[in-house]
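Please find one structure pasted underneath; my questions will follow.
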Amino acid sequence: MKKPGVKWLAAPLAIYAVLAYLFLHLPLLILSGFSFNESRFTVWQGFSLVWYRAAFQNQQLKEAAWNSLIIAIFATVAATIIGTLCAYGFWKRSSPVLAGSLYMSLVTPEIVSGISLLAFYQWIFRFLRVQLGMHTVILAHVSFSIAYVVIVVMARLRTVDAQLEEAALDLGANEWEAFRYVTLPAILPGVIAAALLAFTVSFDDYVITSMVAGVDSETLPMVIYAIARRGVNPVVNAISALIVMGFGSLILISERLRET
Amino acid sequence: MESVLELEDISKDYPAHRAVNAVSLDVGRGEFFSLLGPSGCGKTTTLRMVAGFEDPTTGQIRLNGARIHHLKPYQRNVSTVFQNYALFPHLTVQQNIEFGLRRRAENHIDQRVRQVLELVQLTGKESRYPSQLSGGERQRVALARSLVLEPDVLLLDEPLSALDPNLRKQVRAELKNIQRQTGITFLFVTHDQEEALSLSDRLGVMSGGELQQVGTPEDLYLRPRTRFVASFLGLVNWIDGVGVRPEATRVTKGPAETGARSMPARVVQSTFLGNCVHVEARMDAGPTVVAEVSRLGESFSEGETVDVWWQPDDELTFE
Amino acid sequence: MKRLRAWFLAPTWTVMLSLFAAPLAIILAYSFLTRGTWGGLTRPWSTESYQRLADPIYLGILWRSFWIAGAATVLCLVLGFPLALFISRAGNRKNLYLSLVILPFWTSFLVRTYAWMFLLRDTGLINTVLQKLGLIHNPLPLLYNDGAVILGLVYGYLPFMVLPLYATLERLDRNLLEAAADLGAKPWVALTRVVIPLSAPGIRAGAILVFIPCLGAYLTPDLLGGGKTVMIGNLIQNQFTTARDWPFGSAVSLTLMAIVLVLLLVFVRRQEGGLV
């Protein structure tokens, strides 16, 4: 259905939209395409998986990818559980102060979150004999992922009839059973979507991670960043292409789940 | 009659207003009891306090003589049929009905579900999801889900209001039938006076959070204690401070019966309604009345001079 | 029921208090301390770090950050509005077109920034193609300047502008346009006098959503600006690493937070469908 009144706009708008979508997608497509280039220069010399082989043989990259995966899994599980419970609590009754602080955590510039967490950890370490490492990164990731989880799960909860829980209580279910057997199944697609989102946000983070990581917890974005600061590198092109494809499919699944 | 549910001086205050004010009520075992009133009169709040979704501000609720108003909803042997049914959308008919039995870890679940499905005539629809059922079928699943638990009192919150009018009368009859068959006490909330009069053994009329009067349908219709009860249960002609129902109001061209109270009037309008005729007449003394007369009797035309009369026995009087 | 609800919120309260509020409280305290000889923190308490912000060097960085974030926001609005208008008129394809905007947004921010390095550098695709075509002889200096940073920010945050714009345009009553046409408004007038004013809430939301992360950007200026384009984010990072002046870094951080808060308070009205 076309909206009347601005018909003259249809054709120019469509042409513009094509250009805009090219602007949004072409850089990543070109980068991914050239990751298969045999040459390390921006001249196409032929299809090759040489840079992928190099990436997979790079010990530092492998370790960093493994670290990122572990951190993202732990942070995702924790943030999903904590955030889902929080959204459920908000659904029962709003809590403007807590919701406000979650919003604040979303709009706080990453560099500020990063240095304040670093300062906090350093201060704590005066009293406890611990150091920066995987655990500090995981805790930081949990703290910034919760807001995403709460927002996604909350959106799903708004579509759930609150009377269903009353019906469950009425039929003899206690509060936990009402949540477990009635509300949780209804919001499960939203919870999974939230988890996928939290995973990508955690796996991708550089700014906060680089401030709170220890010597043993270098992540994939940190390695990519270190290489990228020295300039373009074909191995990074290959990893980038893998990340684009991996994230793309996770987000597509997440979007699909949010719609069901 | 043995009481199964007793409300004693129940009130419910919300921050801005008092929803229920000092309601006392006894419901007998096996009775079909209705709470009737306009929306916002406190009838649903009363029902929700019995179910355990709201705590009374003051007063006591007793079930089988034991106080229950401090118990959680799942600790009370009462069950609710919700206005929108509140069926679990991700569970089948079978799973919806099993839900309560499983929570109580009861035995013979399959057999009991089969029996109740037969009772509500849904055999064969066990594996359907609520979204695959008609409105009437959903209503019966909601009923079965509660009935299968054999509650001491079944609470029904306007269960017919979501159905279309044609279906409503049929379901009404089925509901009454199921109540008779099972012998379960029904506490039925409605704003439809025809529904309440036709279904109930006894009913209570509520207004402004207060219980106005409790009695049998005949009691309330013929001997209302307040003007509100009188008007809410049917049309009333108000003549000189007394009320006369349209079917007790007579209009004739000739003289009135002996002993009747009579007043001269002029016909304003005569409306044919199929089974009867409503004659609207303005009395010389002032008020306009409606008389329900047989379509087989005299016919009236606009402007005719008539006598309006009624027997003193048919007058509704109030203290 | 109330006690149970408290348990649902307790984990989030714990995380937010210990990993968000407490760290901010600590840098608040640090911002009033003095830098020690070896980069540590010592007393006395002072407001010196805040006073140093008035130094022309730092005011320059602040101004530059505002200028770059503002330019990126305006560009996002100009580029995003027609796209949002297109999507809002796309009928049953709306969701597809919307996903196409969101998809690159959720792809790694780092990789997306890197992709522009790949395109813009001296031996990058754009310069290579232009040289092959004989249009230029020496590569254009596309990377490592303010323009590259603004481009990176626009690319990064365009979806933040398109989504709220789309949300308001979508709600626009189509009859309004008919009415405007009916009353003799030329299409261009209908667009500028009816559509754009009525999408003001979306423009405001989009602008604030783009401006705030651009103002605090760290990664984009560092990679695409090549250290030449110093914004507030880079200044903060520098104080906590190379310069080892934590009190000053903390003061800059809190100033940035204060600016963000003021912007939110001024521009964001209570919206429907929030968290509360």
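Per-chain residue numbering starts at 1, and chain names A, B and C are given in the order in which the chains are listed.
Here, a residue touches a chain if its C-beta (ideal position, glycine included) is under 8 Å from a C-beta of that chain, and two chains touch if they have at least 3 such contacts.
In this text the structure is predicted, and so the values were computed from the model without any measurement.
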Most central chain, judged by mean C-alpha position against the global CA mean: A
Longest centre-to-centre distance from chain A, chain (CA-based): B
Centre distance in Å when chain A and chain B are each reduced to the mean of their C-alpha atoms: 55
Rounded Å distance between chain A and chain C, as computed from the means of their C-alpha atoms: 17
Whole-Å gap between the CA centroids of chain B and chain C: 60
Chain B residues touching chain A - in the complex, by the definition given at the top: 51-53, 72-74, 78-80, 82, 84, 86-90, 99-100, 103-104, 145-146, 149
Interface residues, chain A side, partner chain C - complex: 1-6, 8-10, 13-14, 16-17, 20-21, 23-25, 27-28, 30-31, 34, 41-43, 81-83, 85-86, 88-90, 92-96, 98-105, 107-113, 115-120, 123, 139-140, 142-143, 146, 150-151, 154, 158, 175, 197, 200, 203-204, 206-207, 211, 221, 224-225, 228-229, 231-232, 236-237, 240, 243-244, 247-248, 251-252, 255, 259
Contact set on chain A toward chain B in their complex: 161, 163-164, 166-174, 177, 181-182, 185-186
Residue ranges of chain C touching chain A (in the complex, touch as defined): 1, 4-9, 11-13, 15-16, 19-24, 26-27, 30, 79, 82-83, 85-87, 89, 91, 95, 97, 99-104, 106-112, 114-119, 121, 123-125, 128, 155, 158, 174, 177-178, 180-181, 187, 190-191, 195, 212-213, 215-219, 222-223, 233, 236-237, 240, 246, 249-250, 253, 256-257, 260, 264, 273-276
